[in-house]
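Going in written order, the chains are labelled A, B, C, D, E and F, and every chain counts its residues from 1.
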Amino acid sequence: MGIHAYFQSLTDLERIIRCPGKFKFQEHSVAEHSWKVVQYAKTLADIEESHGIAVDWKKLYEITSSHDYGEIFIGDIKTPVKHYSLELRSMLQQVEEGMVAHFIDEHIPEAFKPIFRKQLREGKDDSVEGQILEVADKMDQIYEAFAELQKGNSEQEFIVMYRHALIKIKGIRLHCVDYFLQHILPDLVSEGARSPIDIERITREALAA
Amino acid sequence: MGIHAYFQSLTDLERIIRCPGKFKFQEHSVAEHSWKVVQYAKTLADIEESHGIAVDWKKLYEITSSHDYGEIFIGDIKTPVKHYSLELRSMLQQVEEGMVAHFIDEHIPEAFKPIFRKQLREGKDDSVEGQILEVADKMDQIYEAFAELQKGNSEQEFIVMYRHALIKIKGIRLHCVDYFLQHILPDLVSEGARSPIDIERITREALAA
Amino acid sequence: MGIHAYFQSLTDLERIIRCPGKFKFQEHSVAEHSWKVVQYAKTLADIEESHGIAVDWKKLYEITSSHDYGEIFIGDIKTPVKHYSLELRSMLQQVEEGMVAHFIDEHIPEAFKPIFRKQLREGKDDSVEGQILEVADKMDQIYEAFAELQKGNSEQEFIVMYRHALIKIKGIRLHCVDYFLQHILPDLVSEGARSPIDIERITREALAA
Amino acid sequence: MGIHAYFQSLTDLERIIRCPGKFKFQEHSVAEHSWKVVQYAKTLADIEESHGIAVDWKKLYEITSSHDYGEIFIGDIKTPVKHYSLELRSMLQQVEEGMVAHFIDEHIPEAFKPIFRKQLREGKDDSVEGQILEVADKMDQIYEAFAELQKGNSEQEFIVMYRHALIKIKGIRLHCVDYFLQHILPDLVSEGARSPIDIERITREALAA
Amino acid sequence: MGIHAYFQSLTDLERIIRCPGKFKFQEHSVAEHSWKVVQYAKTLADIEESHGIAVDWKKLYEITSSHDYGEIFIGDIKTPVKHYSLELRSMLQQVEEGMVAHFIDEHIPEAFKPIFRKQLREGKDDSVEGQILEVADKMDQIYEAFAELQKGNSEQEFIVMYRHALIKIKGIRLHCVDYFLQHILPDLVSEGARSPIDIERITREALAA
Amino acid sequence: MGIHAYFQSLTDLERIIRCPGKFKFQEHSVAEHSWKVVQYAKTLADIEESHGIAVDWKKLYEITSSHDYGEIFIGDIKTPVKHYSLELRSMLQQVEEGMVAHFIDEHIPEAFKPIFRKQLREGKDDSVEGQILEVADKMDQIYEAFAELQKGNSEQEFIVMYRHALIKIKGIRLHCVDYFLQHILPDLVSEGARSPIDIERITREALAA
């Protein structure tokens, strides 16, 4: 097999549901999440450019569109596990990378191997593009968790997810983060006013953390 | 509201199912389809670059990621309707564009309006990027229809979809089309050998059409 | 093919979900909606008869049971699109009618063509039966929207749908409309008292509009 | 409460799935089934009329649209149970009727009680309308079972359902039954030719039974 | 066929949804319910043992794991029907037992017949094990109903289910019932504090009933 | 919190779908799988007893009902990952055990801690009960994979799963394994005769492996 094996496998990510186990009013597949990350990242990069920052669009395209492909091999392993111990975390990352490397070795034609190796690497490095990916990924956690909190979902996990994602974002030094905190987040929070859960307070506390 | 209105609306495309009405073994949301188009297009563009063709990655990123956003306003109108008459088709396109324009006017901040206007335009022009988008979009129809035919879905619509998409692709003059026809399509077809539907014959006839 | 083509196509309307895109706690197929409209219309017609109004039951049967069959061809096009411009609206109606006519020409045996042409016409004319169909159709929008508002669905669309349907109904001069407004609507509204959305106020304002 | 209680309860029949327990490629709610029965019955009655038979359209409307309402109280009790013993069968019918009567007593206003009692009675009597309902109800079993057999569903139950429904229909002396057997059934059967199950043989044997 | 017929039929209980018809935020299959009952019963029996009560673990295993198998034949008949009249109730039980007996006669090999007859008997007798099964079964109704009430489900049925189950449990003289009322129920109720439904009051009233 | 935390968490296993990512005609939750394992194990133990083998029913009850509880913390990690390297495998098991231990420490009252530690341990040891659990667990993989193969599912994974489970079972020295291979498996295989996949050959080869 060749690249067909890769293209055909994409549909598997339509069948891996994010945040497995927990009750949610609305499910999201990893494929759907990935698409939203692509969209957020595009606008975040536009904001950076408007502040004179150079963006490598090809790299951004590559790392955002493929950033969760490894979940085909290890599923959406629950975040608490990922962080249970540094040892396990690095071990899991090794496995995921090992399985991706194995997949490329076996299925991708010689000429494309370097391209797929770059494309399927962990993209969240310190470059502008890597940081934008991190912000976009966390933004989707905020949107997903918010939609549950807004409907009154009492699973503690969504408060934790919302909080952690917000704290992560505000720690990143990018113009688009400023924009998000000043212009997008307030719009979001104001829509949660009718929820039985005090989203405004959770937000305020996370921003002060 | 501002860009938040756009970001939040993206999740609506997780709830619009492609090819409504017809029985299918597997459903795909417009969001999932969009993500797969982004992925195909990336590799197709890599193939073009490897033949020395210049690719505008920023443009490609913009048009592939947003190419079906207008379906938020008009839904996945059935293909037969779209082609029922040229008059209606252009009328529908006018409406879609009108509603997108209206959305931008109402929700997108002044500074971002030009960006969103470009991003949400119909992307399938004659440029390399526009043509790559067309190929990637049709490739997903082929993958979706194939998966149904392979499982023995007897709805005529999937044969028509597979056939039309293949005929459309083979009419486009790109290096990546040659690659698709020579290296990817044969792998796909060979997997359909056990289907009660003669996919090999349908493919051969479409290529000869 | 003959009438079988029509009978078999009915199941497609089990797979077209109303109000596509928007989040809802409960989905309804067009087939399910159609059945409820048939049921409401029957009781509304009983009310008319009890006031001495003659009802053509055969006609009522025909137009209520088939009133959304055309959606097989054009899907559940979003209401905002339908009303975007008078020009488009009439265009869309032309297409739907054209495709229904085409279906009858191709599939229905000669002897039944006149019957199917009558049955699949747009039924909402000025006759008692046409007006009852309009009331019944809008009543189901009220029930569907109410069930979402009652559960705290924050999508603006359901408030708009509830409001528009109520305004439409109250403008129709039928005995059954009086009965609905005096005896059915108050029961409905009283059940929504615990909702975070003020359904009572929305109702009052729509009735005063 | 009044008629609202009845109207609101209709949506419960969207949540009762026919043939519970057995694997099926496609699920049908009782509401969806009811709508299709309404549609078949209309055309069957047209056929009777075309042969000079008088049809009471109001009665037909009443009994077809409401014929499975009692399932709200007893669910879709599996057919084998219904026929397990004559004693149980009549007992179950008593209960269903008792619960419907109880519902009418409690919820329906005095003026409408006679109407609802007629409407919610068991409609399958010896009148033309009652027989048309029987044919239409069994026709939907044939369409539902056929769609499963066509896709290769190996549950024995769908062969039994298809067979029993066909035997029941052919025993009814109506012009529309002749039409169904001569014009509709052959079209249906011819579509099942590619199925791994020999639908043509099952049909032939049922017709000869 | 032999025991395979029994094993294969188990999957049918994954497709029978509890409490059919009523709107619920979360569906539970009979198989899932059965597994939770097995789990509750195990801990309840541990509590009995810790108070010096002898538990026949083999019997407990048998009756808890199979206690709803009969629903394969009669579905999840709505509780109101079950209690509509003593006559019907005993009639229904006769049918269920008759069909289970018939299944065993037809499918289970001679050597296993006595085992299956014991295993598939109605297990809720006056023994410790039978009473534990009754408590565990009702506990799952409490958990299922609570999860709906907590999310604001306005269906009256879940209040009734919660209330009846609680009243049933508190009437049973077991150490584990004391433990449940003193240690488990308060934890549960405290989690419902944010619900629009006053779960604390409903609980208090049921305990006082 | 106390035991309530454990009981309430059980419902999370209704929302973890086995074999995530791969297309399947029928989904199974971990809760449903667990219940079927409980049922198989009971009959397998009956067979052992009938050959004079002593069974500790309490232990069997404990380990079969809880055997997949750890998936609440780590999800249904894909089997290929589990076996990717011995190092990772033991690492994953450490994490799962660590998280289970952490859960018990935090939520389970002192008096019950020893019970829960025993109950939630990895149960597949060399005892009769541990071996029965292994057979029952693999039997469900066979039933699940078979049902997909029978319907013509072309995912390679289900052939691998069927094959591996069969090889694992036949290597276990229990009377119930003999019974399974001689009496149950042949019944199963004979039902797959109409499948486009040659299940009989796959079975024969696995038994000869």
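The rule we apply is simple: contacts are C-beta pairs under 8 Å (C-beta built on N, C-alpha and C of every residue); 3 or more make two chains touch, one makes a residue touch a chain.
Note that the structure is a prediction, hence the values are computed from the model and not measured.
Colleague: Using the touch definition from the top, list the chains contacting both chain B and chain C.
Modeller: A, D
Colleague: Starting at chain B, how many touch steps does it take at minimum to reach chain F?
Modeller: Tracing touching chains, the least step count from chain B to chain F comes to 1.
Colleague: For the pairs D-F and C-D, output the one whose chains share more C-beta pairs in contact.
Modeller: Comparing D-F with C-D, the pair joined by more C-beta contacts is C-D.
Colleague: Quick one: point me to the chain whose Cα centre is farthest from that of chain E.
Modeller: The most distant chain relative to chain E turns out to be B.
Colleague: Residue numbers at the chain A-chain E interface: does the shared fraction exceed half, giving same, or fall under half, giving different?
Modeller: Homomeric contact, different residues on each side for the most part.
Colleague: Computing the C-alpha centre of each chain, which chain sits at the greatest distance from chain C?
Modeller: Computed centres place F farthest from chain C.
Colleague: Just give me the whole-number Å value for how far the CA centre of chain A lies from that of chain D.
Modeller: 50
Colleague: Can you work out the whole-Å distance between the CA centroids of chain B and chain D?
Modeller: 41
Colleague: For chain E, write out the residues touching at least two other chains, lowest number first.
Modeller: 11, 23, 25-26, 147, 152, 196
Colleague: Quick one: which chain pairs are touching?
Modeller: Listed by label, chains in contact pair as A-B, A-C, A-E, A-F, B-C, B-D, B-F, C-D, C-E, D-E, D-F, E-F.
Colleague: Along chain E, where are the residues that touch chain A in the complex?
Modeller: Those residues of chain E that touch chain A are 25-26, 147, 150-152, 191, 194, 196.
Colleague: Please output the residues of chain C touching chain B within their complex, sorted ascending.
Modeller: Touching chain B: residues 11-13, 15-17, 20-23, 72-78, 80-81, 84-85, 87-88, 91-92, 94-95, 98-99 of chain C.
Colleague: Which residues of chain A touch chain E in their complex?
Modeller: 23, 25, 152-154, 196-197
Colleague: For chain A, which residues count as touching chain B in their complex?
Modeller: Touch list, chain A to chain B: 1-8, 10-11, 14, 26, 28-29, 31-32, 34-36, 38-40, 42-43, 46, 50, 55, 57-58, 60-62, 65-66, 109, 111-112, 115, 119, 139, 143, 147, 183-184, 187-188.
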